[in-house]
Structures are given as C-alpha cells and as structure tokens.
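Following: one structure in structure tokens, then a few remarks.
Going in written order, the chains are labelled A, B, C and D, and every chain counts its residues from 1.
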Amino acid sequence: MGRLTEQTHLTPTLSSREERVARADAPGEVGDAPFMTDTRHMIAETAERLFADHLDQTTREAAEEGTWPAALWDAVAANGLDRVLVPEETGGFGGDWADAFVILRAAGKHAAPVPLAETIGASWLLTQAGAKLPEGPLSLADDAARVPWALHGVCVVASHKTRFVVCRPSTEEVPPGHNIGRDPREAIRRDFEPADTHAGDVAAIGALVRSCQMAGAVTQVLDLCVTYAGERVQFGRPIGKFQAIQQQLAILAGQAAAADMAAQTACRALDRTGDARFEIASAKIRTGEAAGQACAIAHQVFGAIGFTEEHHLHHLTRRLWSWRAEFGTESVWAQRLGRMVVEQGADALWPGLTGLNASP
Amino acid sequence: MPSLTFEPCDLPPEAEALRGEARAFLDAELKGFPVAARARSWVGFDAGFSRKLGAQGWLGMTWPEPWGRNASALERYVVIEELLAAGAPVAAHWIAERQSGPLLLRFGTDEQRERILPGIAAGETYFCIGMSEPDSGSDLASIRSKAVRAEVNGEPGWVVNGRKVWTTYAQHSHWMIALLRTGEAGENRHGGTSQFLIDLSSPGVEVRPIRNMIGDEEFNEVTFDEVFVPDAMRIGAEGEGWQQVTAELAFERSGPDRFLSAFALLVELVRFVGTLPPEAVAGAHDAVGRLYAHLSTLRALSISVATQLDAGADPALEAAVVKDMGVAFEQSIPEIAQQILGVAPRVAGGSDFEAALAYVQQACVSFSLRGGTTEIMRGVIARGLGLR
Amino acid sequence: MGRLTEQTHLTPTLSSREERVARADAPGEVGDAPFMTDTRHMIAETAERLFADHLDQTTREAAEEGTWPAALWDAVAANGLDRVLVPEETGGFGGDWADAFVILRAAGKHAAPVPLAETIGASWLLTQAGAKLPEGPLSLADDAARVPWALHGVCVVASHKTRFVVCRPSTEEVPPGHNIGRDPREAIRRDFEPADTHAGDVAAIGALVRSCQMAGAVTQVLDLCVTYAGERVQFGRPIGKFQAIQQQLAILAGQAAAADMAAQTACRALDRTGDARFEIASAKIRTGEAAGQACAIAHQVFGAIGFTEEHHLHHLTRRLWSWRAEFGTESVWAQRLGRMVVEQGADALWPGLTGLNASP
Amino acid sequence: MPSLTFEPCDLPPEAEALRGEARAFLDAELKGFPVAARARSWVGFDAGFSRKLGAQGWLGMTWPEPWGRNASALERYVVIEELLAAGAPVAAHWIAERQSGPLLLRFGTDEQRERILPGIAAGETYFCIGMSEPDSGSDLASIRSKAVRAEVNGEPGWVVNGRKVWTTYAQHSHWMIALLRTGEAGENRHGGTSQFLIDLSSPGVEVRPIRNMIGDEEFNEVTFDEVFVPDAMRIGAEGEGWQQVTAELAFERSGPDRFLSAFALLVELVRFVGTLPPEAVAGAHDAVGRLYAHLSTLRALSISVATQLDAGADPALEAAVVKDMGVAFEQSIPEIAQQILGVAPRVAGGSDFEAALAYVQQACVSFSLRGGTTEIMRGVIARGLGLR
C-alpha cells in the first residue's frame, strides 16, 4: 500500500481495488462499482480532516503574502495525497482519478493554498509518459507567463506545443506574481534547456484538476450561504425566509450539483477509457459556469460581510474566479468541444452521448 | 445542512442491452419522420405508434406481473430516452404509462388494475389528469370541483360537478384521474380531497379543446355536470387525494423529458453549424460546446436520480433540481439557435430547421408549466435546503 | 399640412415643426425641444385610438389566416400614418422619425398585422433617394426569402448589395409563408428586372422600425403582466404579492424602459444628423434583448393562460420573437457595432458616446 | 398602471459647455495615471486631487450662493461623468459633495451650513455616513446606536453610544452623518430616529478600518463610547431621521457612477480587442457591441432621470430602475472581459488590462451593495409598479 494507508491508519485493501479495476476492464461490462467505495470515503475523510486541521486564518494570510505553508504541505505529502495517482511500485498510492477527485474536491472546499492539484496532475502526466517523477511538489502550466508556485522552486511540468517538458526554473529571475486567488503565478523564462519532451495534454489535465477543485469550492460556497441565510436576520426574520433569497439559493444548489457531477463524470471517463476529451471539456465549461453563478449569488446573499477580508467567503470566491480562467476559460473549451461535436456530425450526437455508437 | 445527493451512476448492463434494440426499432418506424414532427416529441399524438410500442412490450415494462414484466426503472429509462431523442410521437400513451398506471399500482384496487392496466400496456387506453381548475393553477389546495356521495340505481358512488382545465389531450383520452373535493380542507389546507377514475364517455362530461398559441389543441377544459362515478372508481382512501397527488408529481420531475424535449432541434442545430463558413463558426462552436456540456451533465444527474428511485430512495429534492435546470436548458436552445442561425424562424415556407425552431421557440414557454412552475420548483429546493 | 391633420382634426402647426428643425440645425446648438411635443402627443393618441378601434380578436385571427385587414389599413392610410415621413409637397405629413416613433410604438403595442412599419421605412428610403413613391402599402426586405406581405401585391423595397431596388413581385409564383408572429413573409424570385438601384441602407432602416415596434410591444407586455399579477390569485393572494414575481416584474420594467429609450434615441439621432449607425445598432440590440427577456418573464408570470390562443399575450410575444430576428439578430448587429467601436479606437469610446470628439 | 417616465433628453448647452473644460483639466491632471488606478475611480482617495477640483469650482457647484454658484444639476452631471469616465480619484470628497452637503442644505441649520459647506466646496472637508450597524444591513429601522439628551458643561446636547459599520473612508473623514435612535420606533417601525453631525475627532470615537477582500481599507467600523454631540449638531427635527435618510438614498441611485464604475476597464477591453487576429475577433466584436448598446442606453436613461430631478420632479422609481440595470451592466463587464481575454486576470505580474480586470472582478461584487441591494431595488420598483 501507498503512504496514505501507513500514515493515517486507513485500511483499504489492495485486493478490493484490483477487483474493481478488473471489473471495469471486463469486456462488455459497462457498469461499475458504486462511485463512493469505502476506500474512497476514507480518502475523502482523511483529506477533509487534514485541510481542516492545517488551515487557519493565519496560515491562509501568510500563504497569500507569499510564505510557503510548509506544515500543510508536509502533512499532504506525509499522507501521500500528492501521490494518489502514482503507482505503488514507484512509491505512490496507486489510486485512480475517482480517488483523486475526492482529494481535489476537499482541497477546493478548503481553498487550500498549495500546489496539490498541480502535483497530482503533473505526476499523472509523468507517469503516463513513463518519465521520472521528481521529488517534492510539482507545478503544472500551460502558460509560461503564469506558472503556479514557480518562485517556490518547484519542478514545473509545462506544455510545449502538443507535448510537455519538465524543468526547474531558476527562482532568481522570476518576478513575483499572483492571481485573484492570491496564489502564486509567476512568469518563467522560456529559454530553459528542455529535457526531452513527453506526450501528454497539459491543458486537459490542468482543466480537469481545476474542475475538481471548483466542484468542491462551489459546494462549500453553497454550504456557507445556506448557513448564513438561516442565521442572518433582516427586517425581523432570517434572510433565508425571503422568497427572493430562496430562489437564488435554489439556483445555487443546482449549480453545485451540476459542477460536482460534471467533474466526477470526467474523472470516471478518464479512468475508464483513457479518452475523456468530451468529458473534460464539458467539466471545465460546466464547473466554470457554476463558479461564476455561485460567486455572484453568494456575494449578493452575504452583502457587505462577504466583501470583508475577515470573512472566509472570499478565499473561495477569489479562487473560483481564478480557476475558471486558468487552463482555458469556458469559451476556450466550448469552442474546442463545439468543434469536436460538429466534426463528429449531427447524427453522432446522441450515439456519442450514450456511448453506443452504432445500431446493432 | 441538508445536502443534495447525486452520485455518478452508470445505467446497468441489462438496461443498456435494450438500447440497440430500441434504436433499431425507431430507425425503422420513424424513417422519413420530418424534423418539425420530431421537435414535437412528447406532444406528438399517434395512437398507432403507441400500439406498436405496446406490442414491443415497452409500455408498463416495470410493472409487476401479470401487468408488466418487472423490468427495472433503468431499463425503462433507456427506452424512454431513446424515444425522446428520436422525437417519437409518444403523447398518446405518455400520461397513462408514466403516471396513471403507477398510481393505480400504488393506490388502486385489484378491480381497477384488472380493468385498466392491460389497455395501458397495450398502448390502447389513454389518460388525462384533472388537477388544475380555472382558479387554481399551482395551488391545488384551492380546488373546488366536488364529488358528493350518492347512490344511483342501487350502486353506491359519487356525483361530480365542476370544471378542470389544462388537461392534456382529454379529447383523445378514455379516462381522467381527477382530484376532487370530498370534504372540508381542514387546518393545513390539504385535507378533504380524493382521487377518482372518471370514464370520459360518462353522461354529463363535456370536453372542450383549448387551442394553444401554436395552434395545437393539446389542452382541454373538461366540465362535469352531475356525472355519476361509482365508488369502485375512487382511488385510495377518501381525503387522501393531496398526498397521493404529491407523490405523483414527483414521478414527473427528473425524467429525460426534462432535457430532451428539444433534442431534435439540437441535432439540426449541429447539422447547420457544420455548414457554416470558417470565419463565422467560432461563436457557433462556442454555443454548441456549452449546450453539449449542459446536456451531458443533465443526463448524468437525471440518471443518478433514476438510479436512486430504482433503489427505493425518495430523491424529491434532487428531482426538483434536475427539472429546474432542465427547463432552463431547454428554454435556452431556441434563443441560442436563433442567434446562430442569424435569421428569423418561420412557421411555414422555410427549411426544416426553421420550422423546428419556430415550433420550439413557442412551445418552450410551456416547458416550465408542466410539473410545477419555476418558482414552485425553486421553493421545493429551498425547502429541501432547510430554508423554509 | 398632410392628411393626418385633415382627417383627425389635429392642429399641429407647421411653423412649430420648422422652428424645431431650425433650432436643431443651428451650429453649436446641441439641445432640442422636449421629445413629446403637443403635436406628437396628438399623433400618438390618434394612432392608439385607431388601432384600438380596428383590432379585435376576429380581425387578428383573420389576418393571421392570410386575410388582408382592409378596414384597418384603410384607416391607417386615411389618417396618413403610413406617410408620416413623406414630405408635404409629395402628399405626406412631413414628420420626422420622432413622429414615426410614436406611431410605430403604438403599432407595436397593438401587434398590428399590417405593413405599416415597412411602409414608413420604405417611404423614407425612397424619399431620401429622390425616387418616386408608389401608391399603397409598401414592403421592406433585406432577405428575398422572407419578404413581408409579398403575396398581397405590395410594392417591395428590397436591399440590393449596399443599395436598394423597387419591385412588385408577381403574386402568382410566391408560395405562402409566415413568421412566428403569423405575419406573411414570403420568398420572392430574385430574377425580376430591377429598376435603377438607389442609395439607402434597407437593413438599418428595417432594424430601426423593428426596434420601435419592439419598444411598444415590450411596454404592452409589461402592462399586461402587472395587471394580471394584481388580479390573479394563487395560494390566497394576488401573485403580484409574491416576492419572486415582484423581482421578475421589476426586471421587466427595466427592460421596457431600456427598449423604449434605445429606440427613441436612434430616431432622434437620425433626425438630427442623418447618421445614426451607432444608435440604430444599439437600438436593435437593446430592444431585441429586452424582447427576449420580456417574453420569457411574461410567459412565466401568465403560466398556462398565456399559452392559450384565447389570451392576447401571444399576439405580442410571437411578434417580439419574430421582430427580434428580422433585419438582423442581436448578434448580427452586435458584431457590426462592435467592429465600428473597435475601429474608431479605445480612446474615442467616451468622446463618441458623449458626442464631443476632441478636447478644445 | 403606474408607469415609468423616461423621456429622452439632451444635456443643455450650458452643461455641455463644461465638458471640454473638464476633459482638458483631466487630461492634464491625470497624465500617466495608470489604468489599474483609473479602474478604482470613485474608490480612489486623493485629497490633493479633490482640492484641485474645489479650486476649479466643481464641488458644490449646484449649491445656492454663497456656498455654490447655483449651477444646474445637469452641469454637475457633465463634470461628474467626465470625472468617472477618466477614472479620476474622487473618493475623498465624493460623499461630502454628493450627499452630505445637499442634506445640510435641505435640513441643516445656518450655523451648520456656515461651518461645513465651504470646506466641502474647497475639497477639504470629508464625510462618511453612519447608517448600517452590525445587526442591520439594509434594514435601517432596526438600528440600535443611541443618542440620549444630556447637558455637558452647560451645553445642551446628546450622549451617543453604539457602533456603525461599512462607513466608507471613516478613517479619513472629518465628520459622520449618523442615524441614531432617539426614541421608540412606534408602530410603523420607522419613527424614533434622528440624524446628527458627529465630529470624528471627538473623545470617545474609535475608528477601525476593516480590510476588504481586495486588501483595501475602504470600510470602517466606528464605535461611539459616551460621545458628546452638541444639540446644535442635530440635523433636522428629532424623530425625522428615517424620512431624511430615505430622501438621501434616492440621490444616490441614478448617477453616472451607476454605470461608469468600470469604464476604465471597458476602454482597455476595446483596446485589447483591437489587437486580436481576424479569426478570433467575431465573438469579441459581438461582446463589445452589446456592451456599447447597454452603456449608451443606460446613459440616456440616467440623463433622463437627472433632467427630471433638475426640474424638481421625484423620479424615485426611475432612479431605482437605472441603478438596478446599471449594476447588472457593470457586473457583467469582468465576466465578458475574461471570456474574451481568454486568460486569467492577475493581481500582480501581468499587464495593465489584467490588473484592472483583477480589480474590477473583485470590486464589482460590492457595486450592488451601495445604495440598496438588488433585492431591495427590485422591491422599490415593484412598489412603484403598484404590486406592493
């Protein structure tokens, strides 16, 4: 077993995982075990607890000022969350994207200021390409002008035309930069000596991990809003009793459900077939749209309180705005997906959606 | 906080096994069926087609023997979504098979089942629903049509007076399941109503079709003037009408008809975008991509709810969420199509795509009326979130 | 004075019109007389009364079945409404677009099934081009595949590249067709012998008249909704007491105000400078968007009642859907307008909006 | 039906005559003023700039002599919109000149006017507004901060205790106009409050800046601990506070700040689209065209309301409509910009456009908070339509 088990005293059995993989691979077998297996529940709880334990206001503020949250990352690494997709033979947990999803969703819910999504995505690309996996946190970038945590000396997996390269940018010449989420995004020089390039779609994997994070953050925004609407009194009653607020939160609940489903669907598709181009594009579009609506509704519900530094809401909404745009906005992915749909043809639309491509 | 439960689910192999068969049947049956007719889908009334579906064993398939063959709700789900995606004319049997049959299985008597279910399963017996009244749209507690106990020629029964509106295809239906006042409402406003099976050929029943704005006669006004209904045709317990109806409404909310009503138009939209010159295509691709993302997500959510229903859970909140988003999705399609098409849809004198667009543009305003308005759906969701 | 005065006993004085025009032409003079002059109020009232008197359910239904509403059109023509923009010298009223606006708004409010907007637009184009004005109702078309009232033998002013032609299509070979509004829109053969082409932008004038009609129809939809919401009782009180309905109708009120203002602004710009490219594009975009929102909100408020043939609402909403798309959808005009805005340059955006193009 | 009145209006020549002058002044003063700073506009605090405006005679210009020069509200409108379009830092004098001065002219005493108005007109005296409290956001009837009659050293006055929140730039302001409880609310919930001028340098006043989520210290919490306020600093009649405040709120609603807050970003957006390659530009043109249509219409509506105000009418309903649509417009800009830009806005390390976008994306959520939330605005409109 990977480190996750050793460190947290969870006891998922390897045999159950193997069984499940075997079933999914069986020819003609479309069904799958329930998404939330016991193992996956335990992974989710571990991640939840870890972020809850290590993230307080002070840590967040320090991270947003540029301090590396060492204790948090060390706990992540000690529990092997960053290596969830790395095979056991090479020291990882040997999980799949459905496992990665519950970790990334938890990271999103907690707006965790560490490159966990980047590390998970990069480690998968490296593993798929059969490349050596560097130690420590990794970055993942499809744009040399905004590389996550480049200043912190992490190793970068960056897109290079349709392939990718691995590099470790010198931190000395990198000007600091950050996104709206106040997570570091720095420009790196492109004149590094690339090692060999590898096959792998950085933009797609980046879009996938961001979709998973957004699913978590949107769900958490809903949670904050519903709780607040039940507590905050205006005009003599909780604001959640006003029909206008109720209608807004009903919309938000739908967005949260859609974001969660879209991201999970993409993870499952990638696990199952290795080709999730349609599902990843759909996930980035749908979670991004949900993110936009969630931020707008939440700030409307919270009013001035939600606009203060003191309230937790903005840790989520600022990151949602950033994640929406990173690794391709909804427009970018919608054009890509729309082109694929149109190219496969109108009469293939339904067969493609249902996964049955020809009448028998 | 009460939370929504949407696990991603696959349709099981026994359900998927039906897909190819259904698709082959539809390919053959609907060969040459025009796009504008496909765009009507579950509003298209074709008794002959319904009988063929009955002959295939695809109506009432989930019902227990001897009425059905105990198929899972997910097998039925596959058949239904194939029908809707093909734009098959399913209106004739739609309500009978989806709502009335299940209601009788749950609350009806053996006599009622024996008399009625075989006809539904054969695609020959059609139903309409009598809930709304002129002064009560969404507010079912305010209905006034009355059933009063009476005995006629020695048979115990009820005399019904009143009026029902918005009854879909009452003019072609054999039976109405009517919600009628049989007593005082009581404190919670929801008591005092009961459900009845009313034979629409009974003396005193008058059916008046109401043309809708598209020119179709889909809705009807049904008037009851001293109509005798035998007590044997009461469904469930006296005074339990509201509870039974509420359960019935939940069946309606999360099926594939909540996001596939306009699927035929979507197919033509994709076809049209394929003919656009490269310089005009970026915006169209963008729109198609977003529509696809919404549709695929809605379908995954709907299958998740269907799986929960099949497992005996009660995902009423989740069903309301799917309905609310499904309607918003369907209503966005003509808007998007029109902006992409760049010209006006035409009712007559134009292309298939234009005619389908013209139909859906008008019909889509009614999508949100069926099974609860948008305000009401969002109220249900808010209650589920613990806000009400 | 033109026929409008003679027939309806209105007494606008020509001198007041001349004065106003003179003032607007004065160099350095930016201000204008109030938009709703007494004359214009009288024109509006005449039009309102005329449509109210001549449009009942029977007339509407017959018109939508293809019968020419002769009584209605004769009243329009007898009052000279169709010739509002034709100079007095050639038998018209000699009005301006601000006058035409109040007529077209009234026609829109009443969803009048006659080619009045087409006739007003076409007559203006012909007058501007110095071309002869044919008798009777006119059509105006930027698309030979959907010509308003072509089957009724009206004379057609049709775009021809960047200019326009006048023709009278043979009604024999025209297959019947209609738009969602159930007003006639027929395909004409393009192999007619065009007379000389004339200078004039059919698409722009078509967009302008449709904008004015939409402004009227959206206002009327608001009116119907507010009245209905005050009367219809559900759950024990008028639906207008529910906050969700109130919020929707508040949105609708804003849309109606915006549509009305955008259309009027375009009319004024055309009257004043003869160049209203920005304002007409803005009007078609803004009224079209208002139309879309108005139809969606109104049908939501009215529920099933509004979906019946018996209720008046659909006469308005079906035409709004049609008018939105005719003479260019919002997308078409937005791309055109966006290109103009970008071409004039970012630093000209504010000067252009305010009509002061250079610092002194 | 009560209807909205929006006549199209031109700004009169005497107002337009100021435009060139204002623009020339701003061109000179703001040379090299960075885009990200312009995007802050009415949140940008610069006392030196405010004093320069005062020296130009552009603060309090509509006030009667001797405080102002009796200019029309439309002359002021032109100056204000030029300031906002240029993204000038107007926050220092903004509230004092727009709300506090007019309030004192309407309800204040001669002594109050003499003491305060000259400083406002000179761009030297700044105000904040103390309405909201921790437990009353939009619900002003529920305020609890109290003023109790007292005499200190023979001077009649009031002792104030309580806490105000969301007071913009209280830390830089000389005065607060505070709404305080001076009696029981009474039946309609709106009685028992009065307004006071509070010198923020008084003993017992504590101002604590609250950092907002962008990192700015714009809002403050102001605590009053036994603060003495002379009776001469009461504004208007005792118990009339709510009525006065309601009138004051209406001033806020329809000005050009309701649709020009993000104008600097819009200019950069147009500049950016000008650099796009032809194959990517159709969607961007589409977006720019729609934004322009909205902006030009909002401006026409706003000018119409300003003209009605100038003519002494009370277009409260129309003002609410402009505010509601203006906020929706402004909040749509970052969304659209981001989809067009295709990459993430950056707080640091990116282009001017990216920085401005990052600022507006975050700041725009606060646009709807100022002068009444969206729900409240729409409630005001619904009331105006006769629905409430």
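One rule holds in what follows: contacts are C-beta pairs under 8 Å (C-beta built on N, C-alpha and C of every residue); 3 or more make two chains touch, one makes a residue touch a chain.
These numbers come from a predicted model, not from an experiment.
The equivalent interface to C-D, defined as the listed pair sharing over half of its contact pairs by residue number with it, is A-B out of A-D, A-B or B-C. Note on interfaces B-C and A-B: more C-beta pairs are in contact across A-B.
The geometric centre of chain B is 40 Å away from that of chain C, both derived from CA atoms. Averaged Cα coordinates give chain A a centre that lies 38 Å from the centre of chain B. Centre-to-centre separation between chain A and chain C, using Cα means, comes to 51 Å. Residue positions of chain A with contacts to 2 or more other chains are 242-245, 247, 330-331.
Touching of two or more other chains is recorded for residues 282-283, 286, 375, 378 of chain B.
Of all residues in chain A, those touching chain D in their complex are 143, 145-146, 175-180, 182, 185-187, 233-236, 242, 244-245, 292, 295-296, 299-300, 303-311, 313-314, 317-318, 321-322, 324-326, 328-332. Touching chain D in their complex are the following residues of chain B: 278-280, 282-283, 286. Listed in rising order, the residues of chain D touching chain C in the complex are 1, 3-4, 6-13, 16, 19-21, 23-24, 27, 81, 85, 263, 266-268, 270-271, 273-274, 281-282, 284-290, 292-301, 304, 318, 321, 324-325, 375, 377-379, 381-382, 384-388. For chain C in complex with chain A, the residues that touch the partner chain are 242-244, 247.
Those residues of chain B whose C-beta lies close enough to touch chain C in the complex are 132, 135-139, 141-142, 165-166, 210-213, 215, 219, 283, 331, 335, 338-350, 358, 361-362, 365-366, 368-369, 373-375, 378.
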